[in-house]
Amino acid sequence: MTAAGPTVPATSRGPWATALNRLAHDRTALVALAVFVLVVIACLLAPVYAWWAGVEPFKSTLDAVLTIDGVQQPVMELPTTGLALGYTPIGPTWRPGNYFLGADNQGRDVMARLLYGGLNSIIIAGTATGFTLIFATLFGLLAGFFGGVIDMILSRILDVLWAFPVYLLAISLSIVLITQGLSIGPFVIDSGSLWLPIFIIGVIYIPYIARPVRGQVMALRNSDFVMAAIGLGAPSHRILWKDILPNISTTLIVFVPIMMALNMLTESALSFLSIGVQPPDASWGTIIQDGQGLLYTRPAVALAPGFMIVISVLSLNVFGDGLRDALDPKSKIKLGRA
Amino acid sequence: MTYAVLQRLGQMIFVMVGISMLVFLIFFGTPGVDPAARIAGRNASPEVLQAVRISFGFDQPFYVQYLTMMKKIFVTGDLTSFVNRGWKVVPAVLDTVPVTLSLVIGAAILWIIFSLIIGVLAAAYRDTWVDKVLMIAGLIGISMPVYWLGEVMNLVTQSRFHDTWLFSWVPPLGYKNLMDDPKGWFLTLIIPWITLSILYIGLYGRVLRAAITEALQEDYIRTARAKGLSETRILLRHALRTSLIGFVTLFGLDFGALVGGSALLTEVVFGLQGVGKLTFDALQNLDLPVIMTTVLYASFFVVLANAVVDVVYIILDPRVRAP
Amino acid sequence: MILQVRDLRVTFRTEQGMVRAIDGVSFDVEEGEVLGLVGESGSGKTVTLLAVMGLITDPNCVITGSIKYRGRELVGLPSREMRKLRGREIAMIFQDPMTALTPVYTIGWQISEQILAHQKVSKRQAWTQAIDLLTEVGIPKPEEAVHRYPHQLSGGMRQRAVIAMALTCNPALLVADEPTTALDVTVQAQILDLLRSLQQKHGSSIIFITHDLGVMADLADRIMVMYAGRIVERSTNAGIFTEPRHPYTQALLDSIPPMEGARPNRLKTISGAPPSLLNLPQGCAFGPRCPYKFDACAAKPPLGAEAHATACFLESAQ
């Protein structure tokens, strides 16, 4: 057919623009994103809050005293009923900057710790997501593109990691690393460092992303346009960079919020089991653990961080749903499993 | 078909060996500290350290150490804890299995029933408010940390509302043996079952809804409509039936993972002395032999469960069964 | 008259705006007649059939006009009533036998399911009927084939199974959507032979869709040519092949390789591409590709009611 056809419909925008446009019309996803951004901002302001409230969230302050309506009150109260064994931290005062959510069993301001802990939770979840994505993409690209022996070795390693139950692998890594830290040659990581939970969480989820990436790369490797590029003698690194990576980038981006949510849950669980963030540092998981002993007397200590986790993870998941619908309307990408 | 099954079994054995080597490497190959000190636990005396060194062959080549370790765990089963002196680890681990199975099987029954109901309802009323409410509820279920949910459950049923008619039946935390006290067994497990199943109800409900909706786009659904079948029949006998293949696969994987330790958080919160709680306690005293044993046994169980799932898949899907 | 379609319009709401897939289509199907429906992909053939079957489930679709089956209005008929007609009175054969059968059930199961949905018979009787039907459509060893899963049969055998399923209740109207397109050329001929002999035996009416005019030549009694959601020409088989009047029909016929004589160096093609339904030209939709376009074509040409009717202004201009 030689003659010019009828006009092309006016919707031939690029795929990214189309996706952004779709996302911009998804009110639920935008609200979810806004909620998560608000949580992040609040946690970033943790030092400001601590300074304003005049509390030290990482030091035991059993003898602190606070003033409510001109009345002075110790942070650790002697129980007035029962056997009066030990002290009970003060409950929520619901006064911002003044032990809003009460104190924990060290007399520390729970609200300030909640914000600091959230900061750690978000940093760990985000960095671990980056770690997982980078290494999974690398593995997936190498295995899928070069095939042969490289694929066989990498795939077998991924098989083993995949079959290894996530929590057991995390526990195995943690018990060794958290107690002694890691030192490989010049790299030394302290046992209390945030890098350890990041590394652990980042490693355990690599196969969940590397496997689908490998599959996609293999399909692309055998597609006509890549075959043509190879036939024309384009070097491998150029094909990987110019032809393959852009085509798997939607998959990778769709994984980001989902993995963030999954990592937040994993981090909190590991910290709850005392093999994640180490004291005196806090994360939402460690605060819930602190609150376990106070559950029936001062439930706010355990409840508040849990609510924060639910809000953050839920908003990430909702946003992730919207992002997937926008980027991948036919939903070819299956969710990585916990 | 026989070939496929044999191939799958071969792969299973390969993965098991891989996992055992990986565990061995993590525990004894991580650079930094004397592995004997790790085994012996905190503040071990020099005599104990020496005994550990000889018993595990740490003065011998690496592969001998690996084989010694595997022999102790799988063949002779005489691995002992050094934290709890002389405690035989393997029988202790096996003792906790019934508790974990009780917890996981009950939760699995709950989550299969409710996720089927939710998934089918949401797919039948897709894009209406019923669908939206169910899917948001499912998403909330997925977003809650299970141990925190357990604590909230405890707070409500053991403390705040325990003295009301609603929860006065809830017994104190702990596990009752099924054989000795069937009623107590059932009552103590109800709340843990609900807690553990909520995540999976949400997850499976969503997965099932997506699978059914996808199946409803297929050509064979149009054929079924052209045959004059009722919508209910099309939904249940055609769309749901084809979606169940993926559902069963997923179920096998999760069931295996839960029995193999992922139920640990629930066990810890409800004080159920299962495999996970044993691991958790060992984690608190850094009792490495116990952790190594539970990790190895549990991951082998998971690998086995995965293999079983694949065989079931062969049976469920005629395209694989009889090519 | 078994089916009477009047001014059928099917519109889809999409992200890009309203798409009118069918734009005022009217036709009749007589008892025992084979009606051919020809057109390029996107011309609205399949949508017309799905509308007749009541199989358009898209909530963003609006159907107006009238479809009468033996005098009974189908547009707006409650789905429960429609269901009783589907599979019993009106049956459908689909384009791709690879995907038209549910993969997890045997052929026998799927055929007896339809029998059980419409007839009060036992499962055993339904099963026997299924074997009889498979025999009738020429599947070898039918007692074994009933136990086969769809993926275990070849494409041609699968299409025979689909036809057997359509015939279960001896429907008065059979609707076939390109039933041979997805098959090998040799198998195509066999399936066409089968359809022809079944039609002669049972006397059902058939609406047969294809984009391949050649397939129509010795099957259809009458032929309708569709373009961009409208019927552009309607005539008897002979009328279309010997005396095509619409420029589009002429172009279609020119693009078929001749059966006799020297092979031409190049087959004629139709210049341009089918218009996007989103952006139909004003007036005659074929106008932009038509070599005879003139002033009158700025309006939409109507289709006459005569036996050989053409929606083209050239007729009246001559």
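Read from first to last, the chains carry the letters A, B and C; within each, the first residue is number 1.
Following the convention adopted for this analysis, a residue touches a chain if its C-beta (ideal position, glycine included) is under 8 Å from a C-beta of that chain, and two chains touch if they have at least 3 such contacts.
From a predicted model like this one, the values you see are computed outputs, not experimental measurements.
Farthest from chain B in terms of Cα centroid separation is C.
Inter-chain contacts peak for the pair A-B.
Per-chain Cα centroids separate chain B from chain C by 53 Å. Each chain gets a centre from the mean of its Cα atoms; for chain A and chain B, those two points are 22 Å apart. Chain contact summary for the complex, chain C toward chain B: residues 53, 55, 57, 59, 79, 83-88, 91-92, 94, 96, 99-105, 113-114, 117-118, 149, 151-152, 162, 165-166.
Interface residues of chain B, counted against chain C in their complex, comprise 127, 218-220, 222-231, 233, 237-238, 241-242, 245, 317-319, 322-323. Residues 11, 14-15, 18-19, 22-23, 26-27, 30-33, 38, 139-140, 142-149, 151-152, 154-155, 158-159, 210, 214, 250, 253-254, 257, 260-262, 264-265, 268, 279-280, 283-284, 286, 288, 291-292, 294-295, 298-299, 302-303, 306 of chain B touch chain A in their complex.
By the touch criterion given at the top, residues 156-157, 159-161, 163-168, 171-173, 175-177, 179-184, 261, 265, 268-269, 272-275, 285, 288, 291-292, 295-296, 299, 302-303, 305-306, 309-310, 313-314, 317-318, 321, 331, 337 of chain A touch chain B in their complex.
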